[in-house]
Structure formats: C-alpha cells, structure tokens
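Paired with chain B in one complex and with chain C in the other, chain A is shared by the two complexes that follow.
Then we have the complex of A and B:
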C-alpha cells in the first residue's frame, strides 16, 4: 500500500482508460432497470408557430404504447423553471417542458410517447397530428432586434433579452483621430458541442419510498438535483442524481434540459423507470449550441503601436430560451467582458446585446465567450501590426500585461493574477523557431505558395471562487467544492467528490493528489464522483474548475483526516500526537520501536474492542474528513498558440502544417492529461476555425442536423502538436493549480484565423468570419481577383 | 432515429431473391447498408420488406474476363482496393477506393450498392462512366446489360427496375498504353467529394502512322451534376493530339468547366464547384500527360515530329 513515489507532476496513465477503451464504461444507456419504458418525442417542424391542435389519439392506440403526454397532461406536475440573474436588463424566459401554445425553434418537444421500446415509441410519435399557425421565423438576429419584429416571448419587452455595457476610461477621446485605428465586423458562426455520448436520462421513481433516482449524462449532477427538488417538490434527501460515466460534455451538458425534467415527471406519474436516449439528430437540434456572435470592434493605437483604446459592439444570437442555470447571457456577455484579453488596455467600451431568435438555445461551450473574444482581439492585433509594418510578435509583447503589472484589473472588471503572458508568447516563438519560420515563409511566397503563420495569446479565468459567479449575475454559489475522504475498517480509502468527470481524466488527477497526501499508491484510492449522495453540496465540473476545486478540497480533507489519524496513532504508539510521523502510509514515533501501517491502524481502531478508550472513540468517531474548498477569486491561465498553415490557392483548402502551444497552468498534476486536454481542445478549435458551422435556412430549419452536414474535424485534419509547459511562480490556489481544460479551444480558432489571413495576405484578403471554409476562401480570392 | 417496422429476409440465391422481390412490391434490397440503413433510420425511406442480399455468394468477387474485369455487385470497396487483379489492370480504381469514405465503411459498403444508390458525388458512378462500364442486371424475366451512362439516370436514381437486382459490373479493358489520374476535393478525408475527377489518356500509333498520338482521352466528373458525367467536348479537344501543351490542358479544363451547371449545397456554391472542376481537370490532364510522356512542358505550340 505504501508508496514513496510522488504522483503529482508525474506522467501517469489515466486510471479510467482501461475501462473506457475496452468497452467497460457504464454510461446511462448501459444501465438496465427491469421494466424500463422509453420515451420518443414528437418535435416541432416549425421554427416559430402557434400550436392550434394536437391529436394524439392514433398514437395512443399504437402497439406497445403506455401513454402519450402533451403540455396539458403534465400541467401541475412541475413548477416553472426560470434561469435567474442579478444582471440589470436581463429578461428571463421560462423553459417549456413540452410546448404549450407556441413553438420557438424547430426541434422543440411538443409531445412525448412512452412505450415498451424506443422503436414502438417512434412509430407512435410519427402518428401524432399537429396543426400549426406559422409565425415569422426569427433567424437573423439583426432582424429579430428590429422594433417591428414579432416577439418570441410575450413576457419580454423585446427580443433583446440581455443588454450590458462594460466601460472604463475616455473612449470617445481615444477614438477621436487616433494615429492608427483598425476596425472590422467579425462573425463567428454557431457550433454544436457534439459530445460523443448523446444526452441520456433514466429516471427511477419508487412510489413506496417516494424516492426518485435520476441517472443523467450531465456535467452538473448537484445543480440538477437542487433544481429538481424545487421544480418537482421532492425533498433533497429523496432525490438522488447520478452521473455515471459520461462521454464528453464540452459545456453542452451543464444545463438542465427539459428531457431530464420530463423523464423524472413521467417516472413519478407512471411509477416505472423511464428513459430517453437522444439520437444524433436530437443532439444537434436540441442540445445547446455555442459561439454565435457578430462583433463590431475597433482598436486605436499610437504611432509606436501602443494600444490606446478598444471598442466593441457584440450581438449574440442566443436562440429561443434562456437555459438554466447559466442563462442566455453566459456566452455573449463573456465575449464582451474578456475582449481586452491579456493586453494592457486602459480604455475600453464593450456593449453586448443578447438577441432571442427562433433557434436552438445558445449555452456554454468549451471556452465560453473567449474563443470569440480571442478571435476578434487577435485579428485586430494582426491587422494593426500589418498597418504599422510591425511584426505581430513584437506588437503583442509590447502591449501584453507585463510581469510587473500583476495583479492587473481588466477594464471589464476581471482581475488577472500573475500568469505567464509574455513568457508564454516568448517560449512559443522560441520553441517553434519563429524567426526561421518567417524566412521559410518568404521563400515559399517567392515560389507562389500561400504559407501563413498565425499566433494567438489569450488569458482565461479558472477555478472561480465564491467572490465571483460562474455566469454573470447567477444567484447561487459556484465557488466551493467538497471532498469527503474516509478510511474504512479494512484500511481502504474512499474519496468522494462533487466535481464530476466526463472524460477529462479527473478520476486520475484526484487520486494522484489523495495518494500523495496520504502517502499511498493511487490504486489504493477509490474515487467516487458524479453522485449527489456522495457529498451534501456540489455543482459539478464546468468553467475549468474541476482540478482546482477538487484537488484543493482533497488537500484540505486529507489534512483533516491526517490530524485525526495522528491522534489515533499516538494512542496506539503511546506517544503524543505531535510526535507521531506519518510517512509512506505508516505511523511511527521516536522511541516507540515500531511502525503501524494505515491498514493496521484502521483494523485496530474500528474492530478491536477495547483497543481505543471509549471516550476517545465517542469523540473521534469515523476516521474520515469532509472539507469544502473555496479559492475565493480564481486564477489566471494563459497561453500562446502558433499555427503554420498552407492554403492551396486553387482548391482553397487549408492544411495545418505545424501547431505549437505554450501554456501556464501552474502546477501540472499530470502532464499527460494536460497535453491530452490541450490536444482535444485544439482539435475542437481547428474545427471551429475551418469546418464546423450550424446552418439554419430562412425558415429556421437546421440544415446541419447530422454528421454528414455538421462537419467535425477527423484525425486526418488534426495535426500533431508540440506543447511547452511554463514553469513559473505558482498561483495562490491550494496546490498551485490552475484550470486548463478550455485553453485549446480558446487559442486555436484565433491562431488558425491569423495564419490563414497571413497566408492570404499577398492577395490582400482579411479573415473576418469563422469557419473559414474552402467556399469562403474561394470567395475571398475571387473578390481579390476582381479588384485587381 | 429508429426505422419504421419492416419484415426481413435473407435469401441465399439470386433466384430466390428475385422471386421475393417480384412478390413484394415496395421491398428494398440491402447490400452493405451504408446508405440505406441511415435513410431508414431517419425515416426518409420505409419499406415493407428488407431483402438482405449479403448471403448470396454468387454476387461477390472479382474475376478476369479476357482483358476486362468483372466485379460482383456485392464486392466491398475494401475487396476492390486490395485486389491484385485490380491493382494490375485498373490501378485507377484502386486509387479511387482510397477516397471512398473510411475503412470501416469500405469494409461493408459494396460496389453495387454505391452504383444503385447513384449518389452524384460518389466514386463508383464516376469510375463507371469513365471506364465505359456495363452493368449486368437480373430480373425474373432474365438478364440485361446496361451502359453506365444509361444506368445513372439522376441524383439517387438509376434505371434499375423495382423488380431487378444489379448482379455484376463489367469493366472493359483500357487500351494498352493508357495513363490515368484521379483526384477529388472534399471538406475532410473520406467525405463525399465537392468535385471529383478522373482522366485517362491512351496513346497509340508508330512512325508508320505518323508518330504516336493520343488515341483516346476520357474525362469524368462527379459532384458537379445530377449524375457522374463525361466531358465530351473537352475530350474531343485532346483526342488525336500528339502532345498536350499547358495551353491546351487549360483550354480543355475551361471547356469541361463551361459545360457543367452544378448545384449549390451547404458546403459548396455552383461557382466554387465550377472552379474546382477547372482546377482538377487541369491538374489531372497534366498529371496523366506527364506520366504518358505526351506532354510538351513549355507552352510552345505543338511541334510536328518531335
């Protein structure tokens, strides 16, 4: 059991991979409960329409059908679900479990069929007749903002459901005849998180006990539990939410979805287990989308290239509903609040409007806001460098927050603690051989090849504590996480956590920390996650908080447990607790002449009657400790990505030739996992930059509702990448850990966009829209050809 | 995403399959299932009876026939890709197979299934029209042979009757001295082509006949019309030439481009597809010409008797 090795910082293989890679994972759809019924939905064919009539009679008489429900049938079974925020000018919209009078996006659930199998449920759902009165589809957010546009929700003053402005300094002055200014309208097109595992929910209500268990593919079981307690009126001690193995989330599984509320309602109504497994069509049309903004931005500089001011107007297309709990504001508001990024910009004005449209709701997606803000800011920096005839690297180094400037308060209010902004840029350039790449590029250009070098520097706030909220104005605590660590009567160690794992390797990371704190091997630690029965309060994993909060809580709980163990060991060794040493899973004391192993201590304490005095045992109780960790503010992760791309001037295809990133994520708990997280994030970022786009037609129909048309990058399109880990002063979080799971997606779109723009520079083209697909490059080149 | 109910049978002979098909109007034939099953699952199609052909071994295999090659309709893309006979006689087909989706799909998808599905962007229809393939189809009344261009009627439409089964595809031998080239542009490796093209250049003749000439030139395109098509006017510009110059290659490519009127879809406009057609035909003619030596590297005019 004892382990002299230190696990934190080691390149340890992921504990969960054995089961996940050999088909041994247990996802919600793998769970079998006898008597389970399956749900299929009849979803709206229209993007915006009044429902005139629903006829479910034919469906009810189909073979294998147990029940068919519409909104009227569950009226009174569930309280309204409204995502609240303290933001001014936020107009909440209630979720509809099943659409009642109106549908607001194509794919919204109208009726639910419960049957003995999914096949039979779908057969019956196809026979439901719905009569609609079509209303104007609100597809273009600019149209939806117009005064004469029909309102999507009757209870909001207009379709602008969030409006907010961040401002500092004299913006008008900065933009009054600045020596240099660059301005552009940028467009970042909508994405789908597209986790490998589609959302799946299985509710099991036991009428005799009045106890509901919901198995759900969520990132946030605690949030779901607390919300269901409120909306279903079941006490929290009779409502357990379990997220077993979860196959990816990327933010798409951080919201409370109507389907998980509905299976819970129906299981309680029918007193049978009820399951819904999303198919890919439903996933692409009814799971939250990400990143959909129009950003008008301008940057003013002096003749030496110093940034004088930044101004932006962000319009976010937030879709039909404000999702619980992160609200319709989460993505676009963060575009505006993070836009100044890692740069020293004293003067900034960022206005954001979130516009409801008749589309799938926008929600958090890996990077939230920052992939878009970084794309816009980094494009502006490159455009300014070109205008001034400066190297983009030099212009960045000159304007980044310098080491002596930390802590630095961004104009929008975010505070950066010490992080390697300039060091990251310098290391990335050194490692890729930036100057040599530039001369290779010169040579290639002479040969008529379109080679481009793009870089992106970004900063993100991770491990946010209780002084901030994870989404603007969200009125509940996302600033703490819990660890409960127990030594059982056999000497086994079980560590229970609120932070959940959905593929990112948290099980390994948490056991590394616990193993080191207790001096045991990682295999001696069993990690329990994703179960609201494990800890009293938790919200889950999102916003790059899992490692920071989970390991912090683990360290506190281990320290408390150790204190207790030392007292027990002192009694057994006849030594004062303060003299006892605990190393390599064994206790010893000077002059005691012997060692007690952790297992021996546990067996003696729990099982040998009389070994420990009764009064001591009554006082100490179980050999366990539970602690909550609150990092209070949070900590800054940063990085620089550099991409080398080649554009085929004839086919207009982009090939990523080289990719490198340098990041400061504080203490690396497991470099292998850090690199895997970056790799996956960059792959998604490359998808966002080159391929992925959710497209709606003029009627609001989603044209990219399968993987034929929603184009994700495959292994062939994702290059090998090099990674540099900065080793700088550690942040003040326990363990010196920063969150790093989102950086890949934040840096990559901007780096690729800058690289493609740089490749196309000889033709005088600018990249203002992502994804920059072959079709868009074709049009840019055609446009340039016609101008010359 | 579950199919509507259907019955299923898996006959073990062609005759049995034909009789099931004849007795069941509305039946669908299942080969590799790589297109049919998703369409059933999306409920874009439904059927009373699914006739699974995969147990009929007589429909599978690659056989020489004189100098031509016969490919059974149930032969998988992967069987073709790895066939020594194909590698020897039609290396072009082998090369094209590498562009058919991904290995997992090539292991199941079949030559016949792809041709009957008649996706205008797929590789098999392109190869069939390029190589003047003939498709052997069987009905209860007997068998008939259909030229590839007649077989491919439109987007996702072939001239196969409801009661017929595609049995075999015959690829007639190419002239002895034939150079070829194939390429396609897709968003990702393995995607349906935005535009695909293939060319062959056959040379013949000797000093007795006035020196070698391009005796046969074929250009086939996919992704730019309702079916895979040839570019006959461009072919005529090349046929009979002694050499190809860069100008001529470009003119032929322009000619091929100007003859098409592609559809636009989510991923490529008609203009971009026209552009790709020009780029690919130009590249492929150059590539094939270089490998057949029927190419004058400069843009100098054609010179007699080089």
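Then we have the complex of A and C:
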C-alpha cells in the first residue's frame, strides 16, 4: 500500500484504460435492465410550421408498440423548463418536451413511440401522420432580426432574445481618425460537437419506492438531477442521476435535453425502464450546436502599433431554444466578453445580440465563445501588422498584458490572473524556430509555393468559483465542487467526487492527487464519480473546471481526513496527535517503538471492540471527510499556437505541415493527459478552421446531417503536434492547477486562419470566414485574379 | 411473426446459433443479441468506424453488415482481443501511448489496426494515417493512436522478423 513515489506530475498510465480497451466500458447503451422499452421519435420535417393534426392511430396498432405519446398525452406530467438568467434584456423561452402547436426547427420531436425494441418503435414512428402549415423559415439571423420577421416565440418582444453591451473608455474618441485602423466582417460557421457516443438516456422508475434512476450520457449529472427534481416533482433523495462511462461531450452534453426528460416521464408513467439512444442523424440535428456568429470588428492603433481601441458588433445565431441551464446567451455573449483577449486594451465596446432562428439550439461547445473571439482578434492583429509592416510576433509582444500588469482587468470586466502571456508567445516562437521558419517561407514563396505561418495567442478563464457565473447571469452556484474521502473498516480508501469524466481521464488524475495527499499507492484509491448519490451537490464537468475544482476539493478533504487519522493514531501510539507522523501509509510517533499501517488503524478503529474509547468514537464517527472547494475568481490559462500550412493552388486544399503550442496550465498533474487534451482540442480546432460546417438550406433543412456531409478531421488532416509546457509561478488555486481542456480548440482556428491568410498574402486575399474550405479558397483566389 | 432466418456464427471462439430477422444489423446482433457491448455504434452509416469488428480476419463495419451475412463466419469483437489482465500487444501499446480518451471509438480502431498490421508493412507514418482515416476519433487528435501503431508494428517486426506475413496487393 505504501508509496514513496509522487504521483502528481508523473506520466502515469490511465486507470480507465483497462476496461475501455477490452470492451469493458459501461456506456449508457451498454447497460441492461430487464424489461426495458425503447423510444423512437417522430421529428419535424419542417423548420418552422404550425402543427394542424397528428394521427398516431396506425402507429398505436403496430406490432410491439406499448404506447405512443404526443404533447397532449404528457400535459401535466412535467413542469415547464425555462433557462433563467439575471441578464438584462434576456428573454427566456421554454423548452418543449414534445412540440405542441408549433415546430421551430427541422428535427424537433413531435411524437414518441415506446415499443419492445428500437426496430419496432421506428417502424411505428414512420406511420405517424402529421399535417403542417408551413411558416417562414428563419434561417438567416439578419433576416430574423428584421422588424417584419415573424416571431419564433410568441412570448418574446422580437427574435433578439439577448442583447448586451460591454464598454470601457472613450471608444468614439479612439476611433476618431486613428493613425491606423483595421476593420472587417468575420463569419464563423456553425459546428456540431459530434461526440462519438451519441446521447443516450435510460430511465428506471420503481413505482413501489417512487424512486427514479436516470442513466445518462451527460457531463453534468448534478445539474440534471436538480432540474428533474423541479420539473418532475420527485424529491432529490428519490432521484438519482448516473453518468457512467461517457463517450465524449465537448459541451454538447452539458444541457438538459428534452429526450432526457421524456424517458423519465415515460418510465414513471409506464413503470418500466425506458431507453432512448440517439442515432447520428438525430445527433447532428438535435444536439446543441456551437460557434455561429457574425462579428463586425475594428481595431485602432497608433503609428507605433500600440492598440488604441477595439470595437465589435456580434450577432449570434442561437437557434430555436434557450437551452437549460446555460441559456441562449452563453456562446455569443462570451465572444463579446472575451474579445480583447490577452491584450492590453483600455478602450473597448462590444455589443452582442443573440438572434433566435428556426435551427437547432446553440449551446456550449469546447472553448465557448473564445474560439470565435480569438479568431477575430488574432485576425485583426495580423491585418494590423501587415498594414504597419510589422512582424506579427512583435506586434503581439508589444500589446500583450505584460508580466507586471497582473492581475489585469479586461475592459469587459474579466480579471486575468498572472499567467504566461508573453512567455508563452516567446517560448512558442523559440521552440518552432520562428525566424528560421520565416526564411524558409521566403524561399518557398520564391519557388511559387503558397506557404503560410500563423500564430494565435489566447487567454482562458478556468476553474471559476463562486464570484462569477459559468454562464452570464445564471442564477445558481457553479463555483464549488465536493470531494468525500473515506477510509473503510478494511483500510480501503474511496474518494467520491461530483466532477465527472467524459473521457478526460479524471479518474486517473483525481487518484494521483488523493494518493499523494494520503501517501498511498494510486491503486489503493477507488474513485467514484458521475453519480449524484456520491456527493450532495455538484454541477459536473465543463468550462475547464474539473481538474482545478476536483483536485482542490480532494486536497481539502484529504487534509481533514488526515487530521482525524492522526488523532486516532495518537491514541493507538500513546502519543499526542501533533507528534504523530504519517508517511508511506503508516503512522509513527517518537519513542513509540512501532508503526501502524493504515489498514491496521482502520481495523482497530472500526472492528476491534474496546480498542478506542467510546466517547472518542462517538465524537469522531466515520473516518471520512467531505469538503467543498471554491476557487472564487478562478484562474487564467494561456497559450500560443503556431501553425505552418501550405495551400495547394490546384486543389485549394490546405495541408498543416507543422503545429506547435506553448501553454501555461500551472501544475501539470499528468503531462500525458495534458498533452492528449491538447492534441484533441487542436484537432477540433483544425476541424473548425478547415472542414466542419453545419449547413442549412433556405428552408432550414440541415444539409449536413450525416458524417458524409459533416466532415470531422481524420488522421490524415491532423498533423503531429509539438508542445511546450511553461514552468512559471503557479497560480493560487489549491495545487497550483489551471484548467486546460479547452485551450486547443481556442487557439487552433485562429492560428490556422492566420496561416492560411499568410499563405494567400501574395494574392492579396484575407481570411474572414471559417471554415476556410477549398471552395472558399478557390473563390478568394478567383476574386483576386479578377481584381488584378 | 416476422420472417426469421437461422444463422450460425462463431464469436470470439464461441459458437452461436440464432434465428434473426434479415434486417438485423450485425452491430445490433452482437450488442443486443449476444450482449457483446464492446462493439460501439457511432454513426450507423459506415463513416466513423466505431463498430468495426473482424469477420474471418478482415475488418468489417458491423453497422453496414446484416447479421445474416455473417452466417457461418468467425467473428472477433473487442472482447476477444484480450482482457484487462492479459491484453493483446496492441491493447498494451494503446495504453502505453495514451491512445484513447473516452474509449468509445477504441474497439473499432483496434480491429482496423489488427487488420492493418496483418496485411501491410506500414512503412511510414503517412501510410498509417491514410489507413486509419476510415476510423474517426474526436478526443485524441490521432497522434497517440499513430504512435501506438508504430510501436505495435516495431514490436511485431522484432518478434517475428521472418514469418511476417505481408500481403502484397
């Protein structure tokens, strides 16, 4: 049991892998409960239409069908679900579990068939007949904003459901004849999080006990539990939400989904286990989308290249519904609030409007807002550098928040904790050999090759505590997480957490921390997570908070547990607790002449009658400790990415030749896992920059509803990456950890966009829209050709 | 009663005889008929490769194959590659290289790579990436998967320098 090794900071192999590599993973669809019924949905063919009639009679008589439900059939079974926010000018819209009078996006669920198998449920769902009166599809957010556009929701004053402005300094003055100004309209096209595991929900209601268990592929079991308690009117002690192995999330599994509510409602109605497993079509049409903004932005500079002011107008296409709990505001508002990025910009005005359209709802997706804000800001910086004839690296170094400026309050109100902004940029350039790369580029250009170098610097708020809200104005606490650590009567250590894993390796990371704090081997610690029965309150894993909050809570709980253990050991060793030392899973005291192992202590305390005085046991109780950790303001992660790309002038295809990132994420708990997170984040960022786009036609039909059309990067498109971990002063979070799960996706789109723009620079083209597909590059080059 | 056809398959060395509807997908047969839930379904249209299994040694998309097509075949699913105590060489290199995160796509990758290792010399990283391009992973960015393949290739070359079977195509 004893371990002299320190686990934190080591490249430890993952504990999850044994089961995941051998088919032993337990994803929701792998769970078996006898008697489970399966659900298939009939979904809307129209993007915006009134429902005139639904005929389910043929479906009801199909073989194997237990029941068919429409909105009318579940009326009264569930209270309205409305994502609230204290933001001014936020107009909430309620979710529809099943569409009642109107559908607001193609793919919205209208009827649910419950049958003995999914095959039979789908057979019956196909026989449901629905009569619609089509309404104008609101596909273009600019059209949807217009005064004469039909309203999507009857209870909002217009289709602009959130409006907010961030402002500091004299913006008009900064933009009154500035020596240099760059301005552009940028477009970041809609993405799908596309976790490989589709969303799956299995509800098991036991009527005799009035107890509901929901197994769900979610990142936020605690949020789901608390929401279901409210909308199903089941007390929290009879509602357990379990997220077992979850096959990726990336933000797409942080919202409460109507299917999740519906299987719960139906399981209670039918008193049978009820399951729904999404197929990929349903995933791409009904799981929240990400990143969909039009940003008009301008940057003013003086002749020396100092930033004088920044101004932006952000229009977010937020789709049909405001998802619970993060609201329709989460993505576009963060574009505006993070736009100044890691730069010193005293004068800023960012206005954001979130516009409802007849599309799938926009929700959080890895990086939330910052992939877009970084794309816009970093493009402006490169455009300004070109205008001024300065190197992009020099212009950045000059304007970044400097080490002596921390803590730095961004014009939008965010406060940057000390983080390696300038150091990251310098390290990235050193590591990739930036100057040599520029010479190589010149040589390649002389040969007629379209080679480009792009960089992006970003900062990210992570592990935020109770002083801020995870989504603007969200009226509940996302600032704490809990750890409960227990020594059982056999000497076994079980550590329970609220933060849950959807692939990040938290089980490994958390056990590394607990093992070090208690001085035991990593295999001696069992981690329980992803289960609301584990701790009293939790909100889960999102916003790069899992490692910061989970390990912080673990350290506090371990310290509290140790205090108890030392007291018991002192009694057993006849020594004052303060003289007892605990090392390598054993207790000793000076002159006691012996050591007590953790196991021996546990067995003596719990099982040997009379060994510990009754009054002591009555007072101490279980040898366990539970603590919550609140990092208050959280901390700042940062990084610089550099990409080298080549554009093929014939096919207009972009190849990423080299990729490097330098990041400051504080204490690395497991460098192997940190690097893996960056690999995956960058791959998603490359997908966002070059390949991925959810496309709707003018009727609001999703044209990219399969993996044939929604193109995820494969091993061919993603390059080998190099990484530099900055070793700087650690932040003040417990353990010195900064969150880092999203950085890859934040930096990569901007770095790639800048690299492609740099490659196309000889043709005088600018990149203003992502993804920059071969077709868009072709059009840019054609446009340039016609101009010359 | 829907029409059913009797099929015989050997899965991970165990013989099964079942009556199945002709429309039943091999992926559903394995997952729900035989409870071999290690085979995952990611897209059901043959793009993501998560459901890949070995049918008579060849990597096959179980979501594009009907169970009746596997009649008389020998199938190896992830459960047949090795368990946590006795992993296959490839499973071990995945663990060593951190070639998986959420693990959902992993069984499909392992099947594809086993087939690749048996068939091709895998002389370069570029060739490996090309052969991996039929399997999608959303977590790892592929780098550690590629490293796991390189390591498995080299280990295999060391272990059986002479008998290495290379299918020339």
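Here is the rule we go by: the second predicted complex is superposed on the first by the 788 of 788 C-alpha atoms of A that agree within 3 Å, B and C clash if a C-alpha of one lies under 4 Å from a C-alpha of the other, contacts with A are read in each partner's own complex, and residues count from 1 in each chain.
Definition applied: a contact is a pair of C-beta atoms (placed from the backbone, for glycine too) under 8 Å apart; a residue touches a chain by one contact, two chains touch by 3 or more.
Just so we're clear, the structure is a prediction, and the values are computed from it rather than from any experiment.
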Going by the contact rule set out at the top, does A:137 touch chain B (first), chain C (second), both, or neither? neither
Taking the superposition on A as described, I'd like to know which of chain B and chain C A:716 touches: first, second, both or neither. both
Check whether A:22 is in contact with chain B, with chain C, with both or with neither, and answer first, second, both or neither. second
One more residue to check, A:782. First (chain B), second (chain C), both or neither? first
Tell me the contact category for A:119 with respect to chain B and chain C: first, second, both or neither. both
Touch check for A:279: first (chain B), second (chain C), both, or neither? both
Return first, second, both or neither, reflecting whether A:349 touches chain B, chain C, both chains, or no partner chain. neither
Using the touch definition from the top, say if A:195 reaches chain B (first), chain C (second), both or neither. second
Counting residues of chain A touched by each partner, does chain B or chain C come out ahead? C
For A:673, is the partner it touches chain B (first), chain C (second), both, or none of the two (neither)? second
For chain A, what residues appear in both contact lists, the one with chain B and the one with chain C? 119, 279-280, 706, 708, 714, 716
If you look only at chain B, which of its residues touch chain A in the complex? 1-5, 42-43, 185, 187-192, 194, 266-269, 271-272, 275-276, 279, 283
Applying the document's contact rule, which stretches of chain C touch chain A when the two form their complex? 2, 21, 23-24, 28, 31, 35-45, 47-48, 50, 77-79, 81-84, 87, 91, 94-96, 98, 100-107, 110, 125, 128-130, 132-146
For the complex, give me every residue of chain A touching chain B. 118-119, 122-123, 126, 279-282, 650-653, 691, 695, 703-704, 706, 708-709, 711, 713-714, 716-717, 773-775, 778-779, 782
Help me check something: in the complex, which residues belonging to chain A touch chain C? 13-14, 16-25, 27, 29-30, 32, 63, 119, 194-198, 245-248, 250, 279-280, 502-505, 672-673, 675-676, 678-684, 706-708, 712, 714-716, 718, 720-721, 744
